[in-house]
Structures are given as structure tokens and as C-alpha cells.
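Common to both upcoming complexes is chain A, partnered first by chain B, then by chain C.
Take a look at the complex of A and B:
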């Protein structure tokens, strides 16, 4: 009874403090929103006037007509090139983002309805490549539609105008994608709120000297830590839900797996992140140091080494080892699997088990360093 | 319940020393008992181990040697059991500044499991005792220093503990609030049979306790009732009248310098109270014996324990001719400062003459700091005239700053720079270079006794050294006027004597000194003082004039503290009647 009242009093106090400290609240809510927009849009921004090399090996009016759609698109800036080698040279120098190769038999096959256009995409930025691909496809589709209209007037078969695009990705070393990026943001934002914001809370009490009085009360260390978790858990979940909503409705990322499973594993990872934050805070006892440590050991690694930006399959062994030590990396695997591949128990369950392990580890560590002692 | 609330036997606690491998003993071989049901005081100079002992008793530190029983429990073995039964007010009570007064109270009431039924009555009583009732919804961070301290005490007292631990609860608190705090504690003892252990730098507070322990450098120097400790100085205390026209502080400085025959000397009520060294013959004209106080016994005990020779202060130049018609260096006319609707300083006028020691006194929130900042050119006045060192502060604040030195309340030097680097930096800031710089540095080392610590980071210096360094830095450019904001807050009597001895020397050399303080007896060092409250000047004049105007009957009989409380309370009553 007394214990319950103590915990409630502590939780109430933490909630009030969080709500009154505007800067912290802003960090917890505005920053996730900002990051979502920055990463979501910043990296898959609409492409305008994208340079595209066009190799016209068929100079018939039909082929010219089909290719003219490229010039009409405001998103593309076609450069007419004489030969494939010349176009490939431009591509290698990254002067163009794609090559549209219209083969010599284009107009001949167009009549038969199985015309093929080769599209080679510069894949270093997959998001941009995909955008360019859709614009090129759109341009050909519009040209086809115009031809179909004309054919309909003449009473000919509509199928005759169809053009088949054969896209291929070049230089696709990074293998990132917009659909990969937005789900990954969930990991980044939970890490930010959980580890970074929470790293300040115990340190702040050490700095302001408020713990000294709090220690000499019946409040137990576990109760003090638990009370600190509650409001930051709420802020973390808010950030998570914002990110989830953005992924679903703003960026249209399909969720292949189960939503319930995704939420459950995210709650698990949020608790791990909170544990890391509390542990850092209790050890450093200094807000500045705590924030730096949290930034360097949780947020930045989650950004760089968790597979968010760079695929861990292609990194040197030491980096791979460090990456796999991070709880964020394992959560990243789960999130991407659930979003893009679906419920794959063989992938999701071991990673979730690992997260449970991290959870126990960090909570035990935070509790171990939070002794009601000043020396 | 046993007869002793705390029993310490051979208690020892070590701390790692900064920069050294060996540990330093903060407490060594300490054995003492705190009786149940009364107030026990822990006194001693800086670094005596008072705070360490209280933290050990609160279970916040673990002893390295010896045994410590609190309320019959072994603290080292079961700190939580002790923490469930005691209340503790640390030196810097950690109020949650973003919670309101009421929310802070509720939090501690919930943590201590105070039943809702008794809570309202308890709150009402605490709020009445602390006068915080009108401010219950105010954020704790927005309270003045004295009010924060009272709220800290109120939070500590939301329930009746078996043992109450107070670590310097009245540091930086004005005499009025200090008196109120003690009334609260004493009411509690009478009503509820609580045991109290209080560490304090104020010996008049220790005098009110049933038992006093004097610590020095982690060891127990003496213990007993205040009467027993007083007794040691019995027959050795005298009061000497200064010659006509001589400032009491000059006589005090002469006596203090006579180390062979005088243990201690302080100015008091226009005269000088001093302790004769036992056996030494000292015949002063116009002097008579008076009754010893606890502070006399304390100074005597510390003096006996002090083996290290204390640094001699700079000799005082020939006393300035008293009747010298000195020109005013600070002139304040109808000075007013508003912050929005709030009037921090209202229609204040006074003058400070060259070579004068001028004291600004007032309760917490009286407008002292605001006045001070305007005098230093850190804050522009809302209206009124203000000239410092002949410079109109409204137009030429930068020019005036060259003539002033400022020592702030908090240590404002760079903690990780060495003493020498700090001094060089401030000298550079004042434009000193070359031979002038060297001369000033050497002077600072010599005058403030900093030579042997000049390579140490200033953050690692003990409090007394830091204070001297701060003063040395403020005096590098030989300012005409030195401003000191609560320079002796939290300092022990020794450090305060040494501080005022330097001020006396500075004033004798022609420097004007403006100082704020919470130690009312320190007003006796001043030539003239002003007492402010709620932004208004309540009294202005020499200490003798202020004491007389307080109307304590016979003037000189009252102490400055009584005079201060009288003046402030009379003014507050007047305000209430007018309202």
C-alpha cells in the first residue's frame, strides 16, 4: 500500500517535470517528427529535371514519337546520345541518372505490341533510381496512350501501342531504399527518445542535488528508476506511433507482417533503450557527459552501424562485430523483416529473444549502479 | 528506544585526495553520542567533517572504520531501515524547482507515507510556521533563497521522524528567516520528542542546543553542554573601547595581530570583544571583563589545537586621520529599479566616502543584490542618479568599471585553471602587461598568501583560499572601490576573521569597500551600514546610530542582530498597518 503510493507519487512527479520542461518535451516530440520528414522526404525527394541519356537506335517516326514523351516530362531532362558506349560513359561519370535504350527493332515490334525499351538506372541512390524509373515509365505510358487514342480513331487494335520497359539497376552498392529507410527510422527515433532523453534524467537529479534528499526517504532505488521510466516510455511510444503513421500514410510503406508483433517488439526495444539511458545517466551523474555518452554509444551507432544507412553485409569485420553488438541492429532486422518480408519466425523470434536479454542486462546494470550512496 | 539516537565508535571515513594517490581521512577515530529527545549541534571549521558525519548517519556514505549506530540500527548494514525512520535536510536541499510548493510537500508526504487524514493539519501548521501559505502554488524555483530553505525544512518535516538530521540549514539565510527556522525546529522538539542533530557555522545557534560537539580536521576536539564549553573561556574575555574617533576595526586588527597575548578579537557594539591568552598580562585602558560565550570557548579550543602558524596579514598603514573630510566616491540619489510590476529597489539614496567600509544589510529578497548590481554597472537603473568613482553610471558604465573590483557571491573563477593562470587571465582582461603585470602578480601572491598554491587548479583549493584568490583577482587593477557580495557566507569564524583583517588593511590603504553580509555582527566592521527591506532603505548610518535607532533601549546594549530584526519588523508592521 505504502509502496504503491510512493511509486505513484514519484511517477506523478516525473510526469509533471517532463510536462513543465518544454525543451525535453520538444526534443521528444518535435525531433521525431523532424527526423521522419527529413529522412522520409529528404532521401526520396521528388526528382526534377533528372538527366537521362537517350540512345535512339531506331530512327523511325514511331520510335521518335515514343521517345518524345521523355522530353515532355518536367521531371526528366533527356540528352540524346548516338551510341551505347557514349551513354555508358556519361553514366559512369554520374552525369546522367539513367540510360533509355530504344533498340533498332523498336517500331517493328511496336506494331506487334511487344516493343521493348531498355532502362539502365544509376543505382547508387535507389530511391532516386526508383523515382526516375517511374517517370520514364510514365512518359512511355503517356506516349502509348496517345497512340492508342489515335489508333482507336483509326479503328486499329489498342494493344499495338504498348511498350514494355526492361529496367536494370547499375552501381547498386548501397542497396538502400525508401521502404527500408522509413521503417528504420522507427529504430532511430526510439533510440533517441529512450537512450538520449532518458540519459539526462538521473544525471539531472545528481546535478541539482535533489537525489540526496530523495535517498533519505523510504523510496527504494527500483521505485525511483521505475518512476523515471514511465513518462519517457509514454513519449517514446508517442514518437513510435508518429513514425508508424508516417510510414503507413505519408510514405505508403506496406506492412507485410503483423502490426501487433511490430508493436510488441518495439515496446521491447523501447524498454531496452530506456534501460541504456538510465544506466548511462546513473553512471555519469552529469547531464553533459551523459548526453555525449548516449549520443556516441547509442544514437550515432544506431544511425550509422545498425544497417539503417549502410548494409552490414558489406562492411569490414570489426564494424560488423560492433554493429551486431548493438541492440539497435537486432531491432532493425526485426522491423525491416516485419515491414518488407512479413512474419518470418526464424528471423524475428531469435532477435526478439536477444532484445529480452539486453533488456534484463541493462535494467540489472542500472539498478546495480543506483545505490543510495554518495561515495 | 535507547537513550542515544546516534552512537559512533572509532568512526573513520577516507576520501581520495585530488591529485594524490593516498586517501585523506575526512573522519578519524570519531566517537560520540547524540542523546535522544534533544538538539545536538556539530560545529567546527571548514573541512572538519561535519557533513561527512551527517551523511554517514543518513546511510549515504559507508564508514571505512569503526561502528555507527543510528536509532539502535547498524547504518552500514541496513541503511534503508534507518532511512525509513529519519528525516534529513542536506546542505543544498534538493527542492524540485519545476514543482510548486504544494507539489514538493505532497511528494515528500507520499514518500514518507504520511496518512491523508493527518496531512492537512500538518500542512497547515508547517505553512503557518514558514509563512509560505500565500505561495503554495508558486514553483519552488521562483522562491527567494530564504523561502527555499524554509520549504526544504518543511519538506523534511512533513512527518515526525525519530531523528532529524540538518546540515547547515541556515547558510545564506537572513537573521529573520534563521530565527523562524529555529523556532520551527524547537517547537517540533517540544511537541514530538524528536532527536535532532544539526551541523552549523553559527555558534549562537549551537548555543541553543543541549549538547555541542566541536570537530576539527575529522577529529573530535571537545564535546559537552554549551555551558561547559563556555566555561573554558571564563575570565579571559574582555571588551575594550576604541579611542575617540577610531574605528573599532582598527583596534580589533591591532589586538588580533598581537598573537602572543590575544587569542581572538571581534568588533562588537562599537567596542572590541577579545579573548586574552591565559597567563599573558595585557592591560588595556578602557576595558572590562565580560561573560564568555560559546564562540569564545570555541575560538580558544581551536587556537590550542592550531599548531600551524597562521599567515600574518599585511600590516596596516598608519590609521587614517579620522576627521578627514573624504569626498564621496559613490553617490546614489532616488535610485529605483523595476522588473515589470515588481519594484526591486525603491527611491534609494546614500553616499559612500573614500576609504569607507560600507555594509548593505537586509533579509533575503530585500533588494541588496539588485542595488549591488546597479552599483557595479551590471544592471541599469530604471530611474534616479547614480555615480561611481565620479562617473555617471547611466552614460559611462564601462569607464566606471575600470575603477571597481567585484567579487561575486559564487566562486566565479575558472576552476580548472591554476591560481596563476586565473590571475594572469584577469590581469590581461584589465589590460595589464609586462612589468606592471609581474608587479601585480607578485603583490597578489604576497598579500593573499597564494605563493605556495599558485600552480594548483583553483577548483581544488579549500574555501578560504578560493575566497582569497577571488579577492586577489578583483584587486589586480588596483580599483578604488571593491564590491563584495556575501563574501563570508558559509565561512567558519577563523576564515571570517582573516577576511575582515584584510578588509581593514585595504580600507586603511584608501580602498573603498562595499559589502553585503548575513552575519549581523560583521556590520560592526563597517563604518556605515544601510538596512534594506522590500527595496526600501529602513536605516542608514554608523552601526551605533542604527543600533540606537532600533530603539532597543539604551542603544549600545542591543546587538546588531537584535537591531536588524527590530528595524525590519517595525517597518513590516508599518506596511501592514498602512495596507
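Take a look at the complex of A and C:
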């Protein structure tokens, strides 16, 4: 009973302290909101209206027809250029992402079934270059298909058998990157509030000695740490709910799995992040160092190595191992699956169990460090 | 003049000592820059490599074997399962064990012999739609070349009526790493330069030593220079470290000149230091300074084109990137490094960075004495 009152008093004190300092509140609320909007709208892998220089050295109807697909593609913005040197100058100035060169003998060779189109890509941004490459190929393929159809109508050629790939995108029928980026933001925001903000604030208390002052009171270290975490837990949940609302209503990301499960796993991960923040601050006890360590070991890896932007399936084994050591990676998998694929118990449950393991690990470590330093 | 220089030099020395005397801070200056370049250099890739996939081959014919051999022949895909029935597909994809499942219909051979177009179903896990799209595009080219071979075999003339010969400038293998690692030269040094500068004045304010500095014979402009130079130097050292990793470890060839690169880096860091000092002058405590720096840094990183191209952003956000020195810094470094263009072409990147430095550095000096808060 006494203990409960003590803890409640501590929690009230921490709440007041948090509310008093506006910058903390801003970091907890304004930043998640800002980030959701910026990431949601700003990060996009979807190339649109890519400027492409087209050099049509063959002005015959056949060549025009073949190139017409470029203008029809919603992803390409062709610029008709008179000569190759002019096109190359545009490319050097990074004004176009590619040059499509249709040589003078194009239609003559097309009749012989041996036409060549030259595609020069601005390779600096390789991912965009590849996308543009597939759009250009698609545009020519469509024109070719139209020609083949016309020929078939005339009953001209004997068709060769061909296989046709029919891709079906599961879990992301809109084929938009925001469907996987916006749910991933939940991971980023929780990491930010849980690990970064908490480590910063608690490290300041170590630096100023106010934490030691608390330790001489009858309150136990565990109680003090618990009380410290309550306000940040609240701030983290607020950020989570904002992200969730934005994902559902602003960006229209479907939630295929259960909301309750998503909330439960997010609470679990928020606790893990708080544990990490607490541990970092107790070890470093210095604001600048704590903030840098939190940035380097939790926030940036969550951004880069958790599968948020870059698919961990493509990285070399050592990086894959590092990525899979991060709690953020496992939470990321769960969040994306719950949002886009649904409740997949065979995937969600083991990952959640792993998060529970991390939770115990970090809190035990934080407590151990705190105790040791008090002796 | 000499006295002025000596005063500024003394302040620079003091600042460097203040930053570098702490061992933890020293480690943070060097270690993470190299570590991050290495890890991010490997992690930040949109290139496929050994993507796990499964096959449901209902045809089980020489033709389907030939098609699969083509797919397995690339290092891009790795077959991890051969399925027997459609119901097996769902659980495998759900659990994320494979990125895609290729369903080859039973009538593949008969259909091809009859001159039909046979559909091949490809089921993709688009939880990451970028990877799914890339995989689908690659498989498309493999299928195209397979079709071309079929045409040749059927004696229907050339391999393809229309060939697209593709060549990539500046990055012949089209590796995303070549795009990402040079950008880190600017991004990583910005991260710490700005944090460091933001703390410099705020730390003295918090400890009360800044007032002492203000009553010395030094003018605010001199203090500003003394405070701006050390982070600039540290930022340049960090940029050089990252450059070293890019050249020596990742062996990404540098097309442009080092001189041009450093001209760009200095202008870029002047802008970064200016912003950092202005933040620092505005904040009363280190925590506030760190908060401001962080709130600024995140959008700066995001709206810089580091991870996703600026051109993919909506119009409004593209406009917002014009006040972001990092956007110009990254563009500058990439273009010098990969495309080898010189300063004559790059002034549109240089001018905004220098303008930002010209605006923020005097502002910071003015704020030293006339803080708003």
C-alpha cells in the first residue's frame, strides 16, 4: 500500500516534469506528426513522369509508331530531341534520366525482324534507372504487341508460342510504396520516443545528479525507473496512435490483421524501446553521448537495417545478422504483416515471443547497471 | 590583424580541446562514421541478390526445366521450395519464406507447340512493393529471352523483332550502392557537424561561460568564426573518412576531381555549421539545442534525396527541399563523384549552400548578443 502510494507520487512528479518542459512534449508529439506526414508523402519509390530524351533519327511511320508507346506511358515524360549530341548534353546536365535513340535504319531493319533501339540510362540513381529501363521496355513491347495484333488480323504471320508472365501482387494491390513505408513508420516513431527521447532525458538526470538524489529516498531503484518510464510510455502510445490514424485515414493503408493484436505488439515493442533507452542512459550518464549512442544503435539502425526502406533479403549475410539482432526488425515484420497480410500466427507469435525476450533482457540490464552504480 | 587572428586561433584551439578532450566523444567522432558507411553501404541496396522463391511446376517438362534453369542461372533468385499443389502457396508466402511463387501451368509444352500464348502466374509478396516490382521486372526479362529462344527454335527468324540495347552511364552495373555511399559523404558528416555545433554555444550558455566569452575583447563575429571552424574541420575529417571507405573498401571509382569535391564540401558544411550555430544561439540549454537540431535533421535527411529521389516527391515537398543544404550537398557530391562534372556545371548546387551560410552565420553572430528568448 505504502509502496503503491510512493510509486504514484513518483509518477505524478515525472508527469509534471514532462509537461513542464515543452521541448520534450514537442519531441513526443509534434515530431511524430511531422514525421508521419513527411515520410508518408515524401518517401516514395514510385517513379512518375520520368523525363526521357527521345532521338528519332528515323522519321518513318513505323518508327513513330514504335516510339508512340513512350508518350502513352504515364510514367515517362518524353522530350523529343533532334540530335544525339543535344540529348547527351541534356543527360550530362541531369535534365533527363535516359536517352532513347531510334536509329535511321530502324524501320528498314524492323521489316527484317532485326531492329535495334538504343537506350542510354543515367545510372547515377540506379534504382530509378532500372525502373525507367523497365518502363521503356514496356512501352516498346506494347507497341510491338499492337503491331502483332494488326498483323494477326491480316492473317499474315504464323505465331510462335510464347509464355506471358502474369504478375500478381499479394498484400499490396495498389502497388504503392506508401503501403509499406507508412506502417513501418510506427516502428520508427516508437523507437524515436522510446529509445532516443528516454535516453536523453534520463541521462540528463544522471548528469545533474537528480537521480542520485531520488535514490536516497525510500523509493527503490526499480520503482524510480518505473515511474520515469510511465510518462514516456504515454507519449510513445500517443505517437503510435497518431501514426495508426494517419496510416488508416490519411494514406488509406488497409489493416488486414486484428487491431487488438497490433496494439498489443506495439505496446510490447514500446516497452522494449524504453528498456533500451533506460539502459543506454544508465551506462553513459551523459546527454550528448547518450543521444549519439541512442541515435547510432537504435534510431538509425531502425531506419536503415530493419527492412523499413531496404529489403533485408538482399543484403550480405553479416548485415543480415546485424539486422536480425535488432528488436526493430522483428517488430517491423509483425507490423507489415498485420497491416498488409493479416494475422499470420505462425509468423506473428514467434516474433512477439522474441520481443518479450528482448524486453526482459534490456530491463534486467538497465536494473543491473543502475544498482551497480549505486554501490 | 595579427592580434585578431591570434584571438580567433586561441578560441579555435579551446573549442577543439573542449570537443576532443572527452574520450567517448572522440570515439563517437570517428568510429560510427566508418561503421555506418560500411553497414549502410551494404544494407542500402535495392538490387536483388539471392531472392528466395518457390516453383509450382505442373508441367514437369523439358521446356519448364529449361525456363527454370534460366531463372536459377542468375544469381538473383534462389529456389528454396518445389511445390506440388496450389494450397501450399498461401502459407509459404504469408510467412515470408519466399518472395515469389512461379506457377507453371500443365499445358505449357502443348500450348507452346500449338503457337499459343501460355500464361505463367507469378505470385509476389508485395509487403515490400519495391522488391516485388524489381523481381517481377527481372523475371520479365528472363521470360523475354526465353521466348526469343523459342522463336529461334521454331524457325521464325531473328531472336526478337525489336531489341533494346541498354547502356548505363556513370554506373555501368547499375548498383544502388554507387548512388548511396557517395551521398553518405555529405549526410554522415552533416549529422554530427550540426549536432556538435548546436551544442557548442548552448553548452557554454548552460554552464554560464558564454557570458564570460562575450565580455572578452572578442567581437561576436570573431566568436562566431572561432566556434564555426572546429566543427567544420571535424566535419571535413569525417567526410574524408567516408570518402576513404567508399574508395578503398567499396572501390567505387571517383570520376571527378578531389578539389571540386572539397570546394563543395566546405560550402556545404559552412551552411550546416551556420544552421547549427543559429540553433545553438537560440537555445538556452543543451537539451533544447539537441532537440532543435534533431527536429531539423530528420526532415533534412528525409527531404535530401538520400534514400529516395527528390523527383518522386509531391510538388510541395520538392519546393521544401530548396531550403535544405543537404539536398544540394548530396546532389553535389554525387555528381562530382559519379558523373565527374566540374564546378562550372555545379554552381546551381553551390549557390544555395553558400547563400544559406551567408544568411545563417551572421544571424548566429547577431544572436549571440541579441537572443530572442
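Simple rule for what comes next: the second predicted complex is superposed on the first by the 238 of 375 C-alpha atoms of A that agree within 3 Å, B and C clash if a C-alpha of one lies under 4 Å from a C-alpha of the other, contacts with A are read in each partner's own complex, and residues count from 1 in each chain.
Note that a contact is a pair of C-beta atoms (placed from the backbone, for glycine too) under 8 Å apart; a residue touches a chain by one contact, two chains touch by 3 or more.
Bear in mind that the values here come from a model prediction, so they are computed numbers and not experimental data.
Trainee: With both complexes superposed on chain A, which partner does A:292 reach: first (chain B), second (chain C), both or neither?
Mentor: second
Trainee: Of the partners chain B and chain C, which touch A:216 in the superposed model: first, second, both, neither?
Mentor: The first partner, chain B, only.
Trainee: For A:10, decide between first (touching chain B), second (touching chain C), both and neither.
Mentor: Once the two structures are laid over each other on A, A:10 reaches chain B alone.
Trainee: Taking the superposition on A as described, I'd like to know which of chain B and chain C A:208 touches: first, second, both or neither.
Mentor: A:208 sits against chain B, while chain C stays out of touch.
Trainee: Is A:72 touching anything from chain B or chain C once the two structures are fitted on A? First, second, both or neither.
Mentor: Neither chain B nor chain C is touched by A:72.
Trainee: For A:150, decide between first (touching chain B), second (touching chain C), both and neither.
Mentor: Neither: A:150 stays clear of chain B and chain C.
Trainee: Please determine whether it is chain B or chain C that touches the greater number of chain A residues.
Mentor: Touching more residues of chain A than the other partner does is C.
Trainee: Once the two structures are superposed, pull the chain A residues common to the chain B and chain C interfaces.
Mentor: 21
Trainee: Within their complex, state which residues of chain A touch chain B.
Mentor: Residues 2, 5-6, 8-10, 12-13, 16-17, 20-21, 205, 208-220, 372-375 of chain A touch chain B in their complex.
Trainee: Using the touch definition from the top, list the residues of chain C that touch chain A in their complex.
Mentor: Listed in rising order, the residues of chain C that touch chain A are 22, 24-25, 28, 32, 36, 39-40, 42-52, 67, 91, 93-96, 99, 108, 111-134, 136-137, 139-141, 143, 146-147, 150-151, 154, 156-158, 160-172, 174-176, 178-179, 192, 195, 199, 286-288, 290-291, 294-295, 298-299, 302-303, 307-309, 311-314, 317, 334-335, 338-339, 341, 345.
Trainee: Which bits of chain B are touching chain A when the two form their complex?
Mentor: Residues of chain B touching chain A: 15, 55, 58-62, 79-80, 83-84, 86-90, 92-99, 103, 106-108, 110-113, 152, 155-156, 165.
Trainee: For chain A, which residues are in contact with chain C within the complex?
Mentor: For this pair, the touching residues of chain A are 21, 23-24, 26-27, 30-31, 34-35, 38-39, 41-48, 50, 66, 91-94, 110, 112-131, 133-134, 136-137, 140, 144, 157-172, 175-177, 179-180, 196, 200, 204, 284, 286-289, 291-293, 296, 300, 304-305, 307, 309-316, 318-319, 322-323, 333, 336-337, 340-342, 344, 346-347.
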